[in-house]
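In what follows, a single structure is set out as structure tokens and then discussed.
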Amino acid sequence: MSGATRSPLSIVVHLSVLLLVALWTLPTAGLLISSLRDKDQLAVSGWWTALSTSTQNLVQRAASPESQVEKDGKFVIFGNLLEGQKGSVSAFGYSSREPAAFAPGQTAKLNDGEQLTVRADGSYEIVSDTRMEGTRGQRIFFTAAVPPRFTLDNYREVLSAEGIAASFVNSLTVAIPSTIIPILVAAFCAYALAWMRFPGRAILIAVVVGLLVVPLQMSLIPLLKLYNGVGAFLGVPAKTYVGIWLAHMGFGLPLAIYLLRNYMAGLPREIMESARVDGASDFDIFVKIVLPLSFPALASFAIFQFLWTWNDLLVAIVFLGTGQEQLVLTGRLVNLLGSRGGNWEILTASAFITIIVPLIVFFALQRYLVRGLLAGSVKGG
Amino acid sequence: MTGLVLKDIRKSFGAVDVIHGIDLDIKQGEFIVFVGPSGCGKSTLLRMIAGLEEITGGDLLIDGERVNDVPPSQRGIAMVFQSYALYPHMTVYENMAFGMRIARESRQEIDRRVRAAAETLQLTKYLDRLPKALSGGQRQRVAIGRAICRNPKVFLFDEPLSNLDAALRVATRIEIARLAERMADTTMIYVTHDQVEAMTLADRIVVLSAGHIEQVGAPLELYEHPDNLFVARFLGSPAMNVIPASVTATGATTTVELKGGATATLAIATAPGEAGKSASFGVRPEDLRITTDGDFLFEGTVSIVEALGEVTLLYIEGLVEGEPIIAKIPGIQPVARGESVRFTAERSKLHLFDDSGKSYRAR
Amino acid sequence: MPQLLFAIVTMMAGVLACAFYFLASNWLLDRIFPSQGLSGPKASRNLRISSAIRPWLFMLPALLALAVYLVYPVFESVRLSLHDRSGRDFVGLSNFFWMFGDGEFRQSIFNNCLWLLVVPAVSTFLGLVIAALTDRIWWGNIAKTLIFTPMAISFVGAAVIWKFVYDYRAEGSEQIGILNALVTYFGGAPEAWITLPFWNNFFLMVILIWIQTGFAMVILSAALRGIPEETLEAAVIDGASGLQIFFKIMVPQIRGTIAVVWTNITILVLKVFDIVLAMTNGQWQTQVLANLMFDWMFRGGGDFGRGAAIAVVIMVLVVPIMIWNIRNATRETGGH
């Protein structure tokens, strides 16, 4: 297949794959880049311009007259419009009607006889023959070319003020036990379905395959009623972490059993028989032979279940609730979409915090994930 | 007296009978080989002895005790599997120790036995390795070592050499023969479809076909005096030539007329009532000789010559429909394709089977 | 943090409880029906009994969980769909009559059909094409990883990502959404894409396609690599062109896998909920069944009858695939 490597066809292949990869990565890249940008820049220019200098029309108040100093018999207020950041002023003015009336270095005569000079580096000087009055500084309009600015401020803000940090902990609280608890339960069941002989085994396997596709929506209302009933009966709240762990376990079990059973059934029969000749009971065989050998399948399932429980929204808002205390990251993000729909600096940073954990898991354990995917989809004829 | 007795052992999977009543007495220390074509039930029989397959009917006695319902580990057996069945996640040491650990043997005892077995099989260097770091031959030896560690009364082998290449197969075969010599008190049961293994290893061979025993006996006895057509054709390579014939004269010797017109006299006594019956005449390829005498067994045109150096195989077509007669002549023969050649054979090496396939010699 | 600690402690307690259950139940079984050390018919009888019971001990916790969380709800949902909003009074089929007369429900059914037609087809097709293309280039694995990555991203996270792509600013001001920026760059007028009735469905579908193409690609790529090389070489010798080889030799050989990918995505589409909730919450005619069901579950204090009725409709749509899956799986394990 790799005869002529430089044929025009292969260039087309390279280009089309490149295009597809761009389509698939740019949206996420945009999110990540935006979350690191200064929020003023983010709001006025596209993230693809993040590296180029942006021209902004800004307005700033000069320092208040209280800071004036007397120099050579004149009263002077000075400061810098760019506040120490890099950039350059290309025009300025003192009224909103003509915000760019003067070039840097020029001196503008203000209405009350004061003289305003703004230089390209942003430093300004207001000179007056008489002592200036008032407490509010002069408004200065200016056009500045601001170089790109990257900051972690957005992250600081969402972690402290928007409840993202608390939700992060909630998500972990939901996801970790929901991932670990079903594994043992599923593994025992899978072993029985793979290697023990008993009447009804084939039917049970078929049932598990069937349950694999039962929509979650079917379970919501009956379980909600059940949880309310149990909660009222035991005098505990209906929406608890224990409840959601068990729910995630129940919903994850069909895939777990199916995946593990397929894997275990593929282990060599003679190894089990050899262990039996060696005197191992079913329990010994499971614990000492099958479980260690099934590690790849266990890992696959654990990754699936973790991604699924971390990324889940529906189960969390139904069984854990939507209160500020219980919101998981996905739920919080949906709320922010509603309440802070226009504040992209908050949304992008929050979204990135939401997706970073699964992304790390994904890149670290991709091998097992792919293996699990290949084993987990019901094979066709 | 440690022996193994099979009394009318039967096995069926649902409505399908695969073993139809096997009776067999195996003495302590005997090396028994089950041999037969694939699907004859030899592996199933072995697995029933091991306890891996339930026994549908009959009795299995080890040491005079009925063990039909005793779990494998308590039958005093050890088994070497075709795929070796080593535990991939355990080292060689742990593989060999596994059974004893399950049985809660003391640590010293485990260590002593594992090291002793490793010593005999030259595995001491590899005790800390995982199976995947071993060669095929080494894995095979670990499987045997694991079985030795169990101190079995009965040693079971399920086609243990079939996953090895030809050279290693010969070496391991010899090793197993030595092992059997060393463990003279241990009964060995060995399943194979390879007749060379059967002939070289066995004290007695059990030839199975379709769930029946066809014949039990010492290797050369089976070769020289097969009870029936099946055994005759199964042992020996190339297989025995069989030519349809009819009995023309009976008595202390028997004369038959072969299909195609030739006649032959065999050193087999037959009753007068057999005259005129149809029969099968058999002669092994290696028993045929080329002759120029007038006293020949049959004559035919050579259609293929296969010169192997040590022997020359001549294929004669046309005498029996569908199947060539094969002659295996020692050394290099100056015979060309298309040549007409006369063959003869010693009377005592000729075989005759009745129309049900039973040997006249065995009647 | 104490909460996380609580979670970890409970988790360990849960795992230990599981381990204890399995250990104890097996130990108990061996105590009640001992076979070790005994001989004769009593031992064999005990062995038979305990080996008949043991599989059920192994499966009990899993079967219990499956029964409570998946089997019982199916029947309960069907029952509730025939009752009123509180679930107490039997109302026959009136929830279903209401449903089919309801404009929003019909809108949802229509949109779900659109999703069902478009998403599995496009995802599978793109996945197949990408799998085939990336297999021929040296950086194919990197490309695959990048295209596969969205699989790890939650639907909500993906919704934020794409909402940013679709972001709209009034004409004249600078667009910060890349789609509108491109449109204006080429001289078009910016649009608020997700509020455009009918077409906005497709903008939502793009998100799911973006997520699911990686899944299709991974599975189909493995299938493509499983095709015997000889069949392709034979086709080359027979004079087939690249495209002919792809469509006439390769695709037919992985037809089964394509069907598997297709049905898997179909199931997912039927349950799609988070994307619609986060992007539009069903406004601007983008409602789908799963979101509508969720809506009725809580609307006005929750109408369990109507919610359950919608859930039953989703279930009915899944049933054919369920049967197909079961038949495939039983055929596969039939001999085992």
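Remarks
Should a chain be cited, it is by its letter among A, B and C, assigned in written order, with residues numbered from 1 in that chain.
We take it that a contact is a pair of C-beta atoms (placed from the backbone, for glycine too) under 8 Å apart; a residue touches a chain by one contact, two chains touch by 3 or more.
Just so it is clear, the model here is predicted, and its values are computed rather than measured.
Comparing per-chain C-alpha centres with the mean over every protein C-alpha atom, the closest match is chain C. Compared with chain C, the chain whose C-alpha mean position is the greatest distance off is B. Between B-C and A-C, more contacting C-beta pairs join the chains of A-C. Between the CA-based centres of chain A and chain B the separation comes to 68 Å, rounded to the whole angstrom. Per-chain Cα centroids separate chain B from chain C by 56 Å.
Annotation: 21 Å between the Cα-based centres of chain A and chain C. Counting partners per residue, chain A has no residue that reaches two or more other chains.
Residue numbers of chain B whose C-beta contacts span two or more other chains: 71, 74.
Contact residues of chain A toward chain C in the complex are 1-2, 9-10, 13-14, 16-17, 20-21, 24-28, 30-31, 34, 42-48, 169-170, 172-173, 176-177, 180-182, 184-186, 188-189, 191-193, 196-198, 201-202, 204-226, 241-242, 245-247, 249-251, 253-254, 257, 265, 281-283, 286, 307, 310-314, 318, 330, 333-334, 337, 344, 347-348, 350-351, 354-355, 358-359, 361-363, 366, 369-370, 373-374, 377-381. Across the complex, chain A is touched by residues 47, 50-52, 71-74, 77-79, 81-89, 98-99, 102-103, 146, 150 of chain B.
The touching residues of chain C, counted against chain A in their complex, run 1, 3-4, 6-8, 10-11, 14-15, 18-19, 22-23, 26, 30, 51-52, 54-56, 58-59, 61-63, 65-66, 68-74, 76-77, 80, 87, 126, 130, 133-134, 136-137, 140, 143, 145-157, 159-165, 167, 174-178, 181, 210, 213-215, 218-219, 222, 232, 242, 255-257, 259-261, 263-264, 267, 270-271, 273-274, 277-278, 289-290, 293-294, 297, 304, 307-308, 310-312, 314-315, 318, 321-322, 325-326, 328-333, 336.
Listed in rising order, the residues of chain C touching chain B in the complex are 35-36, 39, 41, 43-44, 47.
Of all residues in chain A, those touching chain B in their complex are 268, 270-271, 273-280, 284, 288-289, 292-293.
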